[in-house]
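My questions all concern the structure below.
Each chain carries a letter (A, B, C and D) given by its place in the written order, and its residues are counted from 1.
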Amino acid sequence: MAVIVDEKTKVLIQGITGYQGTYHASAMREFGTKVVAGTSPGKGGSKVKDVPVFDTAMEAVGKTGANASCVFVPAPYCKDAALEAIDAGIETVVIITEHLPVLDAIHLIAVARSKGVTVIGPNCPGIASPGKAKVGILPNMIFKKGTVGVVSKSGTLTYEIVNAMTERKVGQSTCVGIGGDRVSGTYFIDVLKKFEADKQTKQIVLVGEIGGTAEEEAAEYIKKHVSKPVVAYIAGRTAPPGKRMGHAGAIIARGRGTAESKIKALESAGVKVAKIPTDVPDLLQ
Amino acid sequence: MKLYEYKAKEILKKYGIPVPDGFVVSSPDRIKTIPGPVMVKAQVLIGGRGKAGGIKPANTVDEAKKVASAILGMDIRGYKTQDVLIERRLDIAKEMYLGITVDRSNRSLLLMASPSGGVDIESVPEDKILMAPVDPLIGYQPYLGRRVASFMGLQKEQASQVVSICHRLYQLVMSEDAELAEINPLVVTKDGKVVAGDAKITIDSDALFRHNEYERLHEDLTPLEEKAKRLDIAFVQLDGNIGVIANGAGLTMATLDSLNMYGGEAGVFLDLGGTDDPEKVKSAMLLMVEAKPKVILLNIFGGITKCDTVAKGVLEAIGARRIGIPIVARIKGVNEDLASTMLKDAGMIPAHGLSEAAELAARESQKVG
Amino acid sequence: MAVIVDEKTKVLIQGITGYQGTYHASAMREFGTKVVAGTSPGKGGSKVKDVPVFDTAMEAVGKTGANASCVFVPAPYCKDAALEAIDAGIETVVIITEHLPVLDAIHLIAVARSKGVTVIGPNCPGIASPGKAKVGILPNMIFKKGTVGVVSKSGTLTYEIVNAMTERKVGQSTCVGIGGDRVSGTYFIDVLKKFEADKQTKQIVLVGEIGGTAEEEAAEYIKKHVSKPVVAYIAGRTAPPGKRMGHAGAIIARGRGTAESKIKALESAGVKVAKIPTDVPDLLQ
Amino acid sequence: MKLYEYKAKEILKKYGIPVPDGFVVSSPDRIKTIPGPVMVKAQVLIGGRGKAGGIKPANTVDEAKKVASAILGMDIRGYKTQDVLIERRLDIAKEMYLGITVDRSNRSLLLMASPSGGVDIESVPEDKILMAPVDPLIGYQPYLGRRVASFMGLQKEQASQVVSICHRLYQLVMSEDAELAEINPLVVTKDGKVVAGDAKITIDSDALFRHNEYERLHEDLTPLEEKAKRLDIAFVQLDGNIGVIANGAGLTMATLDSLNMYGGEAGVFLDLGGTDDPEKVKSAMLLMVEAKPKVILLNIFGGITKCDTVAKGVLEAIGARRIGIPIVARIKGVNEDLASTMLKDAGMIPAHGLSEAAELAARESQKVG
């Protein structure tokens, strides 16, 4: 089982000839992922570490059957690349690129949703189902196959938590880094729904941060629809109000979206909330 | 990137949204004529100007000069007033609110409107605010403007002016990559014209690559903030005495939270974003030294790069200088033990986990007091 | 049963205060249709023949539960009105308006399809399920309740054929005038699929005309998916090539879309094709 | 509405698509200088100009004048040449095809491209034509241009010029409401530039309400066609002797088909569209009289209006004049018997169904022969 990516996932790397693209194509392969194609306009016909490179996503999908893509294309060209993947029939688009203009995100995600395509990101570390496949840049060494589903707005903080779990021999079914931009293709609720339905997943870890109301909405959803135990951590309890914390997602505005409101909402939905990230494994059963 | 009122109004005007006649000056001597009775308005990027005395009327050129003199240089909630906008005073019949911003939950733009404007929009009761998401696949269509006009209770002439203003404001947002465009108050004058009384526009800083014209605009940044911005490092000044460097917003916040648990307080923090690029870590270290904290806490979760390579960068940044303050360093990832040894040998305090690092840094900070 | 509109249909008339809107609101009511609301910007709060008029479709739907709309708004404002209906949650939008710019049609139909909304038209006479409901301008007098489903690109020609059927006591389940513009919300195949699934419909009449390839595509579909008997008439056997016949749909281009090619395709799919429209009832069983 | 080549090229230029330097004249005297060696091209709205002798080279001003004299006034497949385009001759390395049109089946725009252009695009084998639908919700994005450039087999410089041209052509189609915009050939010159050799643009006539600039453009219409257009009546001139008036395209065509079955042949037909508005029927009747057919066949299927009201309109149109030709009239709907009587009393031949009407009209036309 696992969610979104698994052993059937065949990955197209968009922007494979760049430093990040090349490095992570290898890392994904080392994780066990089927990396079947790359794109780089004007470099069609070449290879990057045995992976065939195409000029267009249409051709890459046609010739290799890729069904997921991992986008490393720089922000000014990222919307174009993601829409190209969608138009070519890709089902899951993981956008690593950061600093994507919010209007670009709004348009491409609306198109994806209208066509039933899953977008993860932008500005996210990607997704990993240990023992099956990874699409993204999460470090390979931190994972261990298991039964805990992890969904997180954060990148390195997720690594911290997953690493702490693995050190305590608590394995993961799938770990989804959804990214913390204001507008993202996948929110907590989308992943919670999948974890609830996934047989491999027995418990869920949710990692949120201040800003926005996605955690409050997730708490509402958990209360109504999630039967599996959920453990959470919310970053930013001591963050200064009104300061931009590196993410657009971390703006505190109008009294909503504070750590307190999120923690309260989650606790009232029966979620155990850790005080510091490394406490998360202790709260899992 | 927030724009000053006068700049925001220039943009409204460019898109055909009526604004009062006016001009901006940085010195009272530049006021030669005025377009009738005016308001003199401090140009600062913070709300509450009026209450702070930053907005005053004037009826003659001399009066305008006097008022401008008083306002220029004024400190408004920590911001120094460098320019004033001299603007024809409106004969106000009604004040309303109109804005477009990003709606996270709907993953769309959100058209917001209220028949009550001018006051702090946050205090207007919810049923007096229309929140109409703009379906991204549909885009703005006139029916949205008609919903707004109808919600505002406007008829005929004023309704059609508002429908047109809604359309133009949407075009502005789409073409200029604004993440916020707000007209508050949107004024109906006594002679029936609909005019933007005040305006706030924030340009999406991620979209500046397609808007060179904004790159050159003035921003109130300290030299350190300026440097951090160029390096794409988030830099925030706080009240404590510990300088925190971490990679990723979530990890940075978790580091602050953990520090707080152990009684430590951050004085400045640098967030490198989700990277462990040794060059960036090194730049951040140099920047942090300039910020002169009492203790430095470095917390890097390694992804791509080996820990010893990151440690080498840290040592290069610090090595040459004797900064004489405790540095608690934690670098997680491949070869972390080697990195620990390297840092220890250079006189730093290595830590193995987030909690330990936070605890050590808090303890050091209490020592230096 | 019947398709698309039935006794559960509650109709919003967009542009109800115009001559056509007012006239046909009455005619639809006389047919037995539940006409629950009208819109006319600036005239909200008034009534047209007992039908409440609203400023916006959102308000009309909220207050009356309308689930279908009939658009009489002039071409320059028609796309706006149709999208307003879709955004307000209307499920079936029947666009009577003619001369809608093709780019407007493309956009609004794409939006509708992405949201699962049925658009009929533009430039169509609408749809009638005798004994249940009519949304459109088809003349009431020509119908008789029965078991033949009619789908047609044409307006008055449909009336001619349905009238001929009724005169011969052959009743109809639903009659759909899909319109002959180059880009329409509903094509033959969309309706054939519904007729095949509809229990009330026992036989199908398809009325096509020269231009485009919709009839050829319908023939292909019938061959594969339609088990019910189909009778067709194709207008334009003697139309001069290359002349515009009043509809954009009636341009003969590049040897495709001729009456011959359509008739041949339909006959090879087992469809009986009438020589003149009034022969259609003879060919029904 | 089809545009002349010179107008189409003006528009391409406005959108930044390279076209050869040139100018249009209606008299050879207007040729004062030429931009180097040129082509002199007849401006007519029909294909096959080249084969008909409507496109000729010239190397000097005198030669250009001479060639222009020969082409101006030339009859090309029924169209008189009133203008010539004098245009710098391109040094052609490669001719390709690029076009955007409406794709009915996909309900979208369709980007079409071929590495082979210049010849009749219809004779290019299918696998040499790229047909890429433009998803309306996605819109044009650069990846479509890259697909085109890749399909054309272009590299680097030429590829990036083509990507840019695709984008601009799409913008043109969207902004100008073009239902067809075709560049054939799209030329790669010997010095590596990509230039539009010829261009066809058709503006969606339904969208002219938002493009006043095209309303004033010349169209080749006869006075009757002009009148019919103003009345929004489709008017088509054919070879037979029966004038047909009907309402709706399908019914009109079915009427022609039925007429044909009985051996009659239409000489002109008027399609009122799907209306039975008595005023429009009356205007059509007056127009038909002007067209001077030998027999008139009127076939109106009534929807909104009562048949007797329609009949009254017909009688008003005809009544005053003694036109002395047989008129077969069929009006279907409410009060059709009353209408029949009225028409019969006025000397017309009433019919009760489509077949009967067609049969009667065909018989009358054979009489008048």
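In this text, a residue touches a chain if its C-beta (ideal position, glycine included) is under 8 Å from a C-beta of that chain, and two chains touch if they have at least 3 such contacts.
None of the values given here were measured: they were computed from a predicted structure.
**Student:** Could you tell me which pair, A-B or A-D, is linked by more C-beta pairs in contact?
**Tutor:** Between A-B and A-D, contacts are more numerous in A-B.
**Student:** The C-D interface: which of A-B, A-D or B-C repeats it, judged by over half of the contact pairs being the same residue numbers?
**Tutor:** Repeat interface, by the over-half criterion: A-B.
**Student:** What is the distance in Å between the mean C-alpha positions of chain A and chain C?
**Tutor:** 45
**Student:** Nearest whole angstrom, what separates the Cα centre of chain B from the Cα centre of chain C?
**Tutor:** Between these chains, centre-to-centre, one finds 53 Å.
**Student:** When the C-alpha atoms of chain A and chain B are each averaged to a single point, how far apart are the two points in Å?
**Tutor:** For chain A versus chain B, the centre distance works out to 27 Å.
**Student:** Provide the list of chain C residues touching at least two other chains, using ranges where the numbers run on.
**Tutor:** 110-111, 114
**Student:** If a residue has to touch 2 or more other chains to count, which residues of chain B qualify?
**Tutor:** Counting only residues that touch two or more other chains, chain B contributes 135, 137.
**Student:** Spell out the residues on chain C that touch chain B in their complex, using ranges where they run on.
**Tutor:** Within the complex, chain C touches chain B at residues 41-42, 44, 55-59, 77, 79-81, 83-84, 86-87, 110-111, 114.
**Student:** Can you tell me which positions in chain B touch chain C when the two form their complex?
**Tutor:** 135, 137-138, 141-143, 146-147, 150, 155-156, 159
**Student:** Quick one: in the complex, what on chain A touches chain B?
**Tutor:** 23, 75-76, 98-107, 109-111, 113-114, 125, 137-139, 141, 152-160, 163-164, 180, 182-184, 207, 209-210, 212-214, 217, 233, 235-240, 243-247, 249-250, 254, 275-278
**Student:** Give every residue of chain D touching chain C within the complex, in rising order.
**Tutor:** 102, 104-105, 107-109, 122, 135-137, 173-174, 177, 179, 204, 206-207, 209-210, 234, 236, 238, 246-254, 256-261, 271, 273-274, 301-304, 332-334, 353-355, 358
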